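What follows are several structures.
Next come two complexes built around chain A: one with chain B, the other with chain C.
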Partner chain A sequence: MIYLDHAAATPLSDKALKAMTPYFSDKFFNPSAAYLPAVETRRDYEDAKDRIAHVIGAKGVDLVMTSGATESINLAFSVLAPNAEVLISAVEHASVFENAKRAANYKEIAVDANGRVKLEDLRAKLTPNTQFISICLVSSELGTIQPISDISRIIAEERERRAFAGEKTPLYFHCDASQGLGLLEVKVNRLGVDLLTLNAAKVYGPKGIGALYVGHNVKINPLTVGGGQEMGLRSGTENVAATIAFATAIEEAEKHISFERKRLINLKNRFVKELKDLPNIKFLGNPKFQLQSFLPICLPGLDAERLIFALEDRGVYLSTGAACAASKGIKSRTLSAIGLSDEEIAGSLRISMGKLNDEESIIEAARHIREVVAAEINRLAK
Partner chain B sequence: MIYLDHAAATPLSDKALKAMTPYFSDKFFNPSAAYLPAVETRRDYEDAKDRIAHVIGAKGVDLVMTSGATESINLAFSVLAPNAEVLISAVEHASVFENAKRAANYKEIAVDANGRVKLEDLRAKLTPNTQFISICLVSSELGTIQPISDISRIIAEERERRAFAGEKTPLYFHCDASQGLGLLEVKVNRLGVDLLTLNAAKVYGPKGIGALYVGHNVKINPLTVGGGQEMGLRSGTENVAATIAFATAIEEAEKHISFERKRLINLKNRFVKELKDLPNIKFLGNPKFQLQSFLPICLPGLDAERLIFALEDRGVYLSTGAACAASKGIKSRTLSAIGLSDEEIAGSLRISMGKLNDEESIIEAARHIREVVAAEINRLAK
Partner chain C sequence: MKVFLGMSGGVDSAVSAHLLKEQGHEVVGVYMKNWSKNLPGMKCPWAEDLADAKRVAVKLGIDFRVFDFEQEYKQKVVDYMLAEYQKGNTPNPDIMCNQEIKFKLFAETAFEQGAEAIATGHYAKTDGKNLLMARDDNKDQTYFLYRISADIIPRTIFPVGDMIKPDVKALAEKLGYSVARKAESMGVCFVGEANMRDFLAEFVETQPGEIRELETNEKLGVHDGAIFYTLGQRHGLNLKAGLPYYVVKKDMAQNIVYVSRNLNSLSLWTDKIQLKDIIIRGDNDGQNLQARIRHRAPLVAASLNRETGELTFAEQQKSLTPGQSVVLYRDNICLGGGIIA
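For the complex of A and B:
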């Protein structure tokens, strides 16, 4: 198996599995119970939250643990007043897009040919009524890293203007950092965000656990009420085991961040070298602003779905784009937004590398891609 | 350790852990991806949903998987139109209570001294405008089994009356079966419910996974939007591993249901025999309508919290009531509802037995309770 879909899912790290396992058996207690072993389980849970928060330069109490990125994103949107004006980028995940659609009034900020948010378009669309801006750290289809700090400077200017003018309309900045965590340095203060979505499943943690960082003075509204866990912001018995695993996985990624980045750049360069002579191939995005693990490519005139199934027969696994969108055959909004034609979109593949890849597997994968593409071109020529 | 708090949390069954582990590593794929191993993971996931559903006499497509009972309950309440009239029993979990409170207009149905819903009070409070009734299968503090089928008959009569009168107001019946699953036979048709909340964590499955059964013709509204998973009713990457574990745990419980019930009845009888001579002890609830695992007791004049800490020192772990309420020092609504005085409530303990108990541990626990109670009575007498 050669797995090239790390942006869709990552295997759980061995360390994380080992760390979480005791919380299924010996330490299975309900962290809200009063007796000592349960109190110890709660302490481990709070400690894990602190460890996760530390990676993004925050404290455990700033995090609301959720069942994953989608819930975090929905919870971030809970700050919206009815009819609030919302801005999102044109390359957001379906979850941000669907939440924006639910808001009465939203606009998309245009991106350039590499999928980067156009700051001048943000300035043009940011009005005195804008209350919420949601922009991903890294586009999940292109791997494009967004200029979050630049965006937050523009937002800060608008906030200053409002304060000076005595305007009371709040302005919140949410960043979906589902992709990029563990490969980029993500510090809430440096990014200047009010709300940040974290996802364990993309960083070698388990599925079913995520977090929302909530800045001071930001008031989110719970999606679920009940026992009052997570300071009343997210009721339900805490998922201790998964939180411990998340903390372990994210710390492990953080520890090897520069090593892994270098390793992935080398793999990517090698991959590009092996593929660059394919007829009409386009490498999407600009490597300068692209996560090291991403290599989205476009083979105009070919059918990416056919390529994916031909590669599947050879044990090479990759996607056309976000798994959830791909499964429904929805045309990629992201690829439209960067100006690709329908033919180009139909021929686009997302390669996303990670821990399961080494140089040998990349060379092998590239060979399979070349062979499959050659066969497909032959078939079409007949 | 003698653990007597199975109603708060249960350890993960070995079988369930074994069944889930491959989905962290070899089968970690995103079930929405198109390639074969991911498709197989999706098949296993759908199969696990079918297995869970089968236990309650339903099909996998009738289930929406959630992050636990609290989310399921909140999702059940999503059927409510604004200002809908809601009825709940007086012995519901905080999650049902808090959701009812959010609805503009709710009433509590009274219970008898054993914590059983009074059917005549249900009849009295059920009006032509009632849209939603939520009653637990088993009270989480008393273990009292509610007469769900009788309640659903009354609801069916009202529905018939409405149909005959040409009234269009819908009437939904939700049952929180968090407690009782794995010890009671729970079949949606026999119970006559429209919505049923299931929780893995109380039945030796993992925390962080639950389900909502949604009857045909019942339209729930998603709490989270995004990738459109769970038929668009609950977006977010599926928690495959936890769902597989849930299926394994619930099947295991189902297989041993009559054996485990007999075993628990014997343990309970033994426990009662060992405790019955404690001064002024009251066994709460009526064993005829009580889950075999529950033994709630009341020791008027004593401070249950002090007893719990004294028992903790001896390695005996139990609670005063629901863990999430206990941690906040909230006076039990359930115990008030059955007419206990404040003094009686302050002296109440919830013993909940399960797999971690055998006869020896029960005899030992009873001895510790007797000694701790005697010491406390002595202390107070001085």
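For the complex of A and C:
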């Protein structure tokens, strides 16, 4: 197997698996129970939250643990007052898009040909009534890294203006950092965000666990009520095992961040070299603003889904754009937003590398891709 | 020959694609998107089915297309089915789908796009003129195909018609098709018989009504809509224990379901029925036929009065349900049939 879909899911790290196992057996206790073994489990849980928070420069109490990025995003949107005006980028995950659609008034901020948010368009669309802005750290289809600090500076200016003018309308900035964690420095203060969505499943943690960082100035409204866990913001017995594994995985990734980045850049360069002679191939995005693990490509005139099935037959696994959208036959919003034609969108593939890849596997994968593309071109020529 | 093959994402059409290609045809795989809506308790698997079909097409290196017939399927099959149920009949939507969609709309669209023949993964055969029973008695699907037009038969190929199902599966396995072990899809897209009740409940407004004993006219219980009941039905009546009751009659206007304990009730058994919407391919006097009253039911000797449409069975038949089809054969030729009036 050659796995090239790390942006869709990453395998659980051995360390994380080992760290979480005792919490299914010996340390299975409900962390809310009173007796000492349960209290110890509770301490381990809170310690794990601190460890996760530490990576983003926050404290454990600033995190609400959730079932994953989608829930975190939904929780972030819970701050919206009725009639709120919302801004999102044109390259957001479906969860952000669907939440924004529920708002009374939402607008999309345009992106450039590389999928980067246009700051001037943000300035143009930011009004005194804007209450909520949601922009991803990294676009999940292109791997484009967004200028989050520049965006938060513009937001800070607007907040300052409102303060001086005596305007009471709040303005919150949410960033979906599902992609990018473990390869980028993600510090809430440096990014200047009020809300930050984290997801374990893309950093070699387990599926089904995520977190929402909530800045002290933000009041979110719980989506689930009950026993009052997570300071009343997300009731339900804590997912201790998954939280411990998340902490272990994210610390491990953080430790090797610069090594992994360099390794991935080399792999990507090699991959590009191996693929660059394919007829009409386009490498999407600008590597300068792209997560090292991403290599989105476009082969206009070909049907990407056919390529995926042909590669699957050879044990090479990758996706078209966002995995969620492809199976439903929905046209990628992101790829439309960067101005690709329908034909180009139909021929777009997302390669996302990670721990399961080395140079040998990349060379092998590139050979398979070349062969499959040649066969497809040959078939169409008949 | 350029052949457009309907590919459902199942094993039969997958193997059909392989066989056609092996025979040297230029094959175009087509997924017919007839239905995509999820309903309570029913997840429509169209996207997975499409992917399964396409996967096989890619493996074979054949062209693959999607024909979107959702609108037409709703009109010609679903609406027909709902209207029939509302009349108190028990229609067979698969027969309608074959008549209107697969062997009409699909065929027309395929020919427009350059097909010289169409193919499907049905278990049936042709001799170039007649529709014939499949080699696999157990799988023969001519019951569902009896209404296809005589014109289309010479231009239709049933690649698995000469195979038995276990061999089809084994071949799929050998070819490495992931669909080899896929569960059979049946019925209206994903609805199937088990879910028909939920499906109807979604589309048709129903009223509770009385269940009465036919012989005594005594009220035995209540039902949640006469539309949900089929003649001969024994289960799901929720009547007091004892000998089982059978549905023997439905009064749609009064919304009353009549039941009987008498298995010999005249309402259940008959040797003569009136057929409507009869289709008979070729000249036929209606004598010395064999009839099949439901899929996989044994063949029974019968004769059809071509003038009146009355069918006479050599022996009495049970639970002949209005809306269902009786399919007529002579030897292994499927001549046509009609709908029980």
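One rule holds in what follows: the second predicted complex is superposed on the first by the 382 of 382 C-alpha atoms of A that agree within 3 Å, B and C clash if a C-alpha of one lies under 4 Å from a C-alpha of the other, contacts with A are read in each partner's own complex, and residues count from 1 in each chain.
Note that a contact is a pair of C-beta atoms (placed from the backbone, for glycine too) under 8 Å apart; a residue touches a chain by one contact, two chains touch by 3 or more.
Note that the coordinates shown come from a computational prediction; the quantities given were computed from them, not determined experimentally.
Asks: Fit or clash for chain B plus chain C once both are placed on chain A?
Replies: Once both complexes are aligned on chain A, chain B and chain C fit side by side.
Asks: Which holds for A:Y317: it touches chain B only (first), chain C only (second), both, or neither?
Replies: The answer is first: A:Y317 touches chain B but not chain C.
Asks: In the superposed arrangement, does chain B or chain C reach more residues of chain A?
Replies: B
Asks: Based on the superposed arrangement, let me know which partner A:A34 touches: chain B (first), chain C (second), both, or neither?
Replies: After superposing on A, A:A34 lies in contact with chain B but is clear of chain C.
Asks: In the overlay, answer first, second, both or neither for which of chain B and chain C A:H93 touches.
Replies: In the superposition, A:H93 contacts chain B only.
Asks: Touching A:D5, do we find chain B (first), chain C (second), both, or neither?
Replies: first
Asks: Scan A:A375 for contacts with chain B and chain C and give back first, second, both or neither.
Replies: second
Asks: Counting only touches as set out at the top, which of chain B and chain C does A:A249 meet: first, second, both, neither?
Replies: Neither partner.
Asks: With the two structures laid over each other on chain A, which partner does A:A304 touch: chain B (first), chain C (second), both, or neither?
Replies: neither
Asks: I'd like to know which partner A:C175 touches here: chain B for first, chain C for second, both or neither.
Replies: neither
Asks: So, A:S235: does it touch chain B (first), chain C (second), both, or neither?
Replies: In the superposition, A:S235 contacts chain B only.
Asks: Please give the nearest C-alpha separation between chain B and chain C in the three-chain superposition, to the whole Å.
Replies: 5
Asks: So chain A touches chain B in one structure and chain C in the other; where do those two contact lists coincide?
Replies: 305, 309, 312, 327-328
Asks: So in the complex, the part of chain A that touches chain C is made up of which residues?
Replies: Chain A residues touching chain C: 305-306, 309-310, 312-313, 327-329, 375, 379.
Asks: Please output the residues of chain C touching chain A within their complex, sorted ascending.
Replies: 47-48, 50-51, 54-55, 57-59, 61, 63-64
Asks: For chain B, which residues count as touching chain A in their complex?
Replies: Residue list for chain B touching chain A: 1, 5, 8-12, 17, 21, 24-25, 28-30, 32-38, 66-71, 73-74, 93-95, 98-99, 102, 201, 206-209, 223-229, 235-242, 305, 308-309, 311-312, 317-320, 322-328.
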